[in-house]
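Next, two complexes with subunit A in common: one pairs it with subunit B, the other with subunit C.
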Partner chain A sequence: MTQYAFSLDPSRCSGCRACIVACQDQNDLEAVAFRHVTDHEAGAYPDVRVSHFSIACQHCGDAPCVLVCPTRAISRRDSDGAVLVARDLCIGCHSCELACPFGAPQFASDGRMDKCDLCHGRLDHGLTPACVRVCPTRALQCGPVEELSARKAEAASVRLLESLGRGTVPDGA
Partner chain B sequence: MLSRHGRDLRVDAKIPGEDTGIAIRKTLCSICEYKCLVDAYVKDGRLIKVEGSPGNPVNDGTLCSKGAASRQWVYNPDRLQTPLLRIGERGEGRWAPISWDEALDRIAARLGALKIESGPESVVFFAGYPKVMRPFLKRLAHTFGSPNYCTESSTCFAGTTIAGLLTYGYGLGQQGGAEIDQTRCILNWSTNLFYSQAPLGNRILDALDRGAKLIDVGPLRSLPAERADIHLRLRPGTCGALAMGMAHVIIEEGLHDRAFVEAWTQGFEQYRDYARQFTPDVTERITGVPRETIVAAARLYATTKPAALVTSACTTIHHTNGVQNHRAVTALIGLTGNFDRPGGNHIVPSSYYRPTGLAHREHAFEQTRPWAEMAPRVGQDRFPVWCRTVPQGQAMALPEQILGGAPYPIRAIVGFGLNHRMWPAPDHMREALRALDFFVDVELFMTESAKLADIVLPACSTFERNEFSISPNRYAIWTEQAIAPVGQSRPDVDIIIDLAKRLTPEDELMAQGHAACLEWIFAPAGLSIAELENHPGGMFLAGRPETPYEKYRKTGFPTPSKKMEFTSTVLAEHGLDALPVYREPMQSPVSTPELARDFPLILTTGSRLPMYIHGRTFRVPWLRRLHPDPTLDINPADADARGIAHLQWVEIATPRRALQVRANVTEYVAPGVVNMIHGYPGADANELIDPDYLDPVSGHPGYRSLMCEVRPRPAANGGSR
Partner chain C sequence: MRNGRFVILGNGGAAVSAAEAARLSGYRGEILLVSDVAEPAFNPMLSPYYFKGKIPWAGCYPLAAGFYRDHDVACRLGEPVVALDPDRRRITLGDGRTVAYDACLIATGAAPAVPPIPGLRESAHAFTLRNAASARRLDEQMLTARRAIVFGVSLVGMKMAEILARRGIAVVLLGRGRQVLSRGTHPAVAAVLRRYIEARGVDVRLGCTIAGVEDTGNGVLCRLSDGTTEPADILLVCTGIRPNLAFLDCGQVTIDQAVLTDERMRTSADGLYAAGDACQALNPITGRHDWLGTWGNACAQGRVAGRQVAGVDAALPGALPQHVSPFFDWTYAHVGDIQPGDGDVRHVAFGDAEDGGYALFSFRDGIVTGANMINCAHLAGPLKSAILRGARGDERLLRGGDGHPLAAAESILDGCRLGRLDHRQHDGGAGGRRARPAVTAAGAFSPP
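Up next, the complex of A and B:
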């Protein structure tokens, strides 16, 4: 099995929330949103950091929601590790919501759980999830975990090598 | 495989194909006019999803939150369905649906009568959003005989063009012609592309990945500020002083391009002498930016070659000292030898709102009658420099002329997407609209302004029409009509063409239609709409001559002195400061200390949140839910001093008006500064601004620096109003 995952580069995330809307458009969601974007501030003027984070279902390898679901409505798909809900089996007991560390399970007006399905129908067709596709800064990525970590390792290595070659940052930076 | 709803997965995942009945049609988004290319997913004639078109140099598969919400924009319940004739009192909201023929016949008859009674200049032709119809509307206005073609550029972008024309003889173009993709140092001056033109923001991040340096100038802690090597967090309205302070460092340390300055500039000695006043100490005192930071930024920008100055369409010019601010800022380009050089700021002539450098006849198409054969334009007496440099009337002068009747009466407006909330003191412009004899508004939605019209015409969105667009790198598209128009709505351009058939039947070219006119405009570049139709996703217009660098070496600068003018000949002729002299905003803690006693905070408005642009997307539910209440940004220090808690309802007041909003207590703004977007329904920041709070050179409003106070509203706490 290949485990797929989302990956976010906070240094590229502008907090624009296109990921939230693209997901709603993809999944015909009216009031519910599968993604959540948080704005975060650290420090005080003039030493401030303002950053953003976009999160949805993390499609955990050992997903607590799968374990706690009393009707086995939640399962993992073998081909990519997508954690999926069969909504017709859901009884709306909210156990998954209690168990999930990321606030992923949402409850639509029919009372049943709904959440990100990794756009597995798009993955099957060779497309990235809608939230990844829309991301204007390419901050949000999705792929096999090995690929994601290799990509990050390479980017970090290039940055290190670049800074070795360039010397110091000017005063006031 | 089944979806989570127990249905066919490919259908629920909206996979295009014969089995799912889903087709992709190639269109574009013009909500913000950056014109990202869009794949419209269409099933049974309905739009079911949008996605950025992949593999193009505009947005390469991505969209922003606004574009991603296109479906709720297109199928918004507020969409106008038919032409409407007012049957009640003006603004009462009672309408009778009428046919297109009846509507257009009535408009033509009324405008024809007004032309005879009060002259063609009594009719104003106004273009708001979108911009695609502008050349057609200007042509109609002037062929009709009216000089009064006005646009929303009366508040935006034109001031940067004026500044460029005065100093360099060129409008510098969007982002000031910055070659982001090739530069080694970006001086990003008060623009957050991530919230205004998202795909361009991504190119800044890519430049950083390449190892480019980033200096960010701006009062807000935006992503460019976060990622910058140096962030200069200046007091709003002081950018002219900051630029002069940087010039001081550059000149004193001999970091300027002496060869360029000696050979190609006018007035350098005066400029240098003037810059001497702006020592790092003085500049720190004015701008609030620490002196070491100013020096470091000046050195980094001047010593990294090439360096590109990225400017905003509006932030520097939305001050009462705006054009001179922008002149001071952009003078740094020439001073450091980055003007019209690779990786610096490259001047590429625009046509159709994009700097493509393609040969065209847009001006000939538009200006069917010379100015001399028409009455003076709206605003010509108040803003002569505007009228000398911008081929439009200055619409900021409209309310006074409508209400006062001088120098001649304005009796009618034919508006396309006219929104009175664009004007400072929008209530004042609203009053003017009510006073008109005849007002036509062409709109997608029944807006507040449209409610004041005599006849409202329904326009359609880009998804429902064919549209030509071209990107700066000459990627051109003639879009497909992705879906049938909503109701009886029609393309803006077609509406103008049908009006022209009635009002200016002598105009044979316009009568040939949209595509024929585009081909006429771009005939020198050999544009063929039929060829574009064969490439539904767009194509590069290859084989046309590239725009050279350092054009001045051949022909000199297109200024009166043939040089870059540190001292503007034109401004001197009009009795204005020839140098880019720094003046305090008309309201500031320095210029109006007595006002600052009661209104001690600096209000800066006009900035963006990522989900809203002007008044256009508040009605889109997906977007409104992302930011459901009006807010202002206030620093924790100022909030604490006033006993204001995060997200508490507060009152923001200027001497003119007070609004109720929630306080977003945040380090996004510096102490002493309050930031607020404009146009929020029920809490429009523009209402806080006086109607005459304008830059005397451009006429642009000083949205971005005025004085205010914020007070808690204890009675309204707990989330209710």
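Up next, the complex of A and C:
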């Protein structure tokens, strides 16, 4: 099984929320959103910084929502590790909402849970998730975990080497 | 332990999770599951959804047919355990036969506690709600009942009041204390919930208990402590639960409110574990032993026990009292400790139940300890995570009052949601389980 995941580079995320809109469009959502963007401020004038974080379901390897669901409506897909809810089995008890540290479960007007499904339908057809496709800064990525890790490690190494060349330590190295 | 006999007492969330976890962790020995009920695992939290018509009766049994066979679990169903000898490592069944074990898990759950009120236990019209048999009995009775008394303003009592009221049955809801939901709900929040349920037509009487019960042929007559007498077709008793430990000699195993365990679900006796509603496990974060009663907690604890038996060193990282329930058109969630006791304790409330949600947070010495949330349960998951990390309340949150919109709390909790990733090997735990995906937004987050 190849575990897929999202990765986010906060140094690239501009907080534009295009990912949220793309997700809502892809999933025909109105009042509810599967993806959230948070703005985090740090520091004090004049050394201030704002970072943005786009977060949806993390499709956890050991998902707490899968563990607590009383009807076993939530399960992981073997092919890519996507955590999916069978809505016809969902009774709207909100146990998953309480279990998830990321706030991924949402509740539609029928009272049942819905959430990011890794756009597994798109993945199955060789497409990227809607949020990843639309991201203008390429902050959001999706792929097998090993590939994402390797890419991040490479990007971090490059930044480190560049800064060593300049004689400075980069932020977040 | 890779082989040997693993005996599981009980057949609820903890029991089946332990069996499954043991097999998934490579346990190849015998698993024998013993239960006094001759049915597959029943989830008591699902019966209210059956009564509300959301699931068929079969939906209360969450396991797929063939679960026991697929996980190679031998079952002795319909057989009560009458004794357990931890020193000799054996159990005694109702027919006198003994079964030796190498490891044993006490997952016998809990049963409703019925107070010793004159006439109550003998009444043919008094019901508790916990297992499949009692749910079926109640189901029949509700078809013809026109008036009900619900004794106990616990979560179960509130849910039963809702179910009865939705069916057009007149409900009198009695509570001994001064508020509904005495465990874990702040009085201000309890007052909001009480007004809500009264607006739905439920007659709520607090500071009131039952002095005596008399059967009258088709129903009951209850003498209340306030001197009045109330007739009803059915009387529901929802005054709490007690762990099913009659088979245990308390001299041999340490018991408090339930069987005490460490964070690895080990009791004071070798080779003996406990999980679920029969267990009071150590919370390594608070250092206290908490008796928690949710299906999710039972599954998390059962899983730890199953892994331990299979030789995997699993542990619960921590747990919090918590629950979330739909309630009429509202959703009510509670996380953590709303009355943390000593220290500088502050309560801060935000919002409006009918407009975006109402949340009340508790702080001790600036550290968030718990919250009650009406119609903003989406805060519960991230908040639980924040509490388990010992997150400090932001100054904005601490200064807040009724005037602050819920958005302030939300943005602060967004920050909590993004907290530092802890790279320890966490394992299970319905409370504060920090998921450990390999690459996440939080993993990419570099604090300045």
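We take it that the second predicted complex is superposed on the first by the 165 of 173 C-alpha atoms of A that agree within 3 Å, B and C clash if a C-alpha of one lies under 4 Å from a C-alpha of the other, contacts with A are read in each partner's own complex, and residues count from 1 in each chain.
Following the convention adopted for this analysis, a residue touches a chain if its C-beta (ideal position, glycine included) is under 8 Å from a C-beta of that chain, and two chains touch if they have at least 3 such contacts.
Since the structure is predicted, the reported quantities are computational estimates derived from the model, not experimental observations.
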A:Arg49 touches, of subunit B and subunit C: first, second, both or neither? both
Which of subunit B and subunit C A:Ala130 touches, first, second, both or neither: first
A:Pro70 touches, of subunit B and subunit C: first, second, both or neither? second
Partner chain(s) touched by A:Leu118 [first = subunit B, second = subunit C, both, neither]: neither
Touched partner set for A:Cys142, first subunit B, second subunit C, both or neither: neither
First, second, both or neither for A:His94, with subunit B first and subunit C second: second
Common interface residues of subunit A - those touching subunit B in one complex and subunit C in the other: 43, 49, 51, 171-172
Residue ranges of subunit B in contact with subunit A within the complex: 1-6, 9-10, 12-15, 49-52, 59, 61-65, 67-69, 71, 194-195, 198-199, 201-202, 205, 209, 211, 221-223, 226-227, 229-230, 233, 290, 292-293, 295-297, 299-300, 610-611, 621-623, 625-626, 635-637, 666-668, 670-671
Residues of subunit A defined as touching subunit C within the complex: 3, 5-10, 36, 38-40, 42-43, 49, 51, 53-55, 58-64, 67-68, 70-72, 91-95, 97-103, 105-107, 111, 145, 148-149, 152, 171-172
Interface residues, subunit A side, partner subunit B - complex: 11-12, 14-18, 20-22, 24-26, 30-31, 33, 41, 43-46, 48-51, 84-88, 114, 117, 119-122, 124-125, 127, 130, 133-138, 155, 162, 166, 169-173
Complex contact set, residues of subunit C against subunit A: 17, 43, 45-46, 49, 54-55, 59, 62-64, 294-296, 299-300, 303, 322-326, 331, 333, 335, 377-382, 384-385, 411, 414-415, 417-418, 426-430, 432-441, 443-448
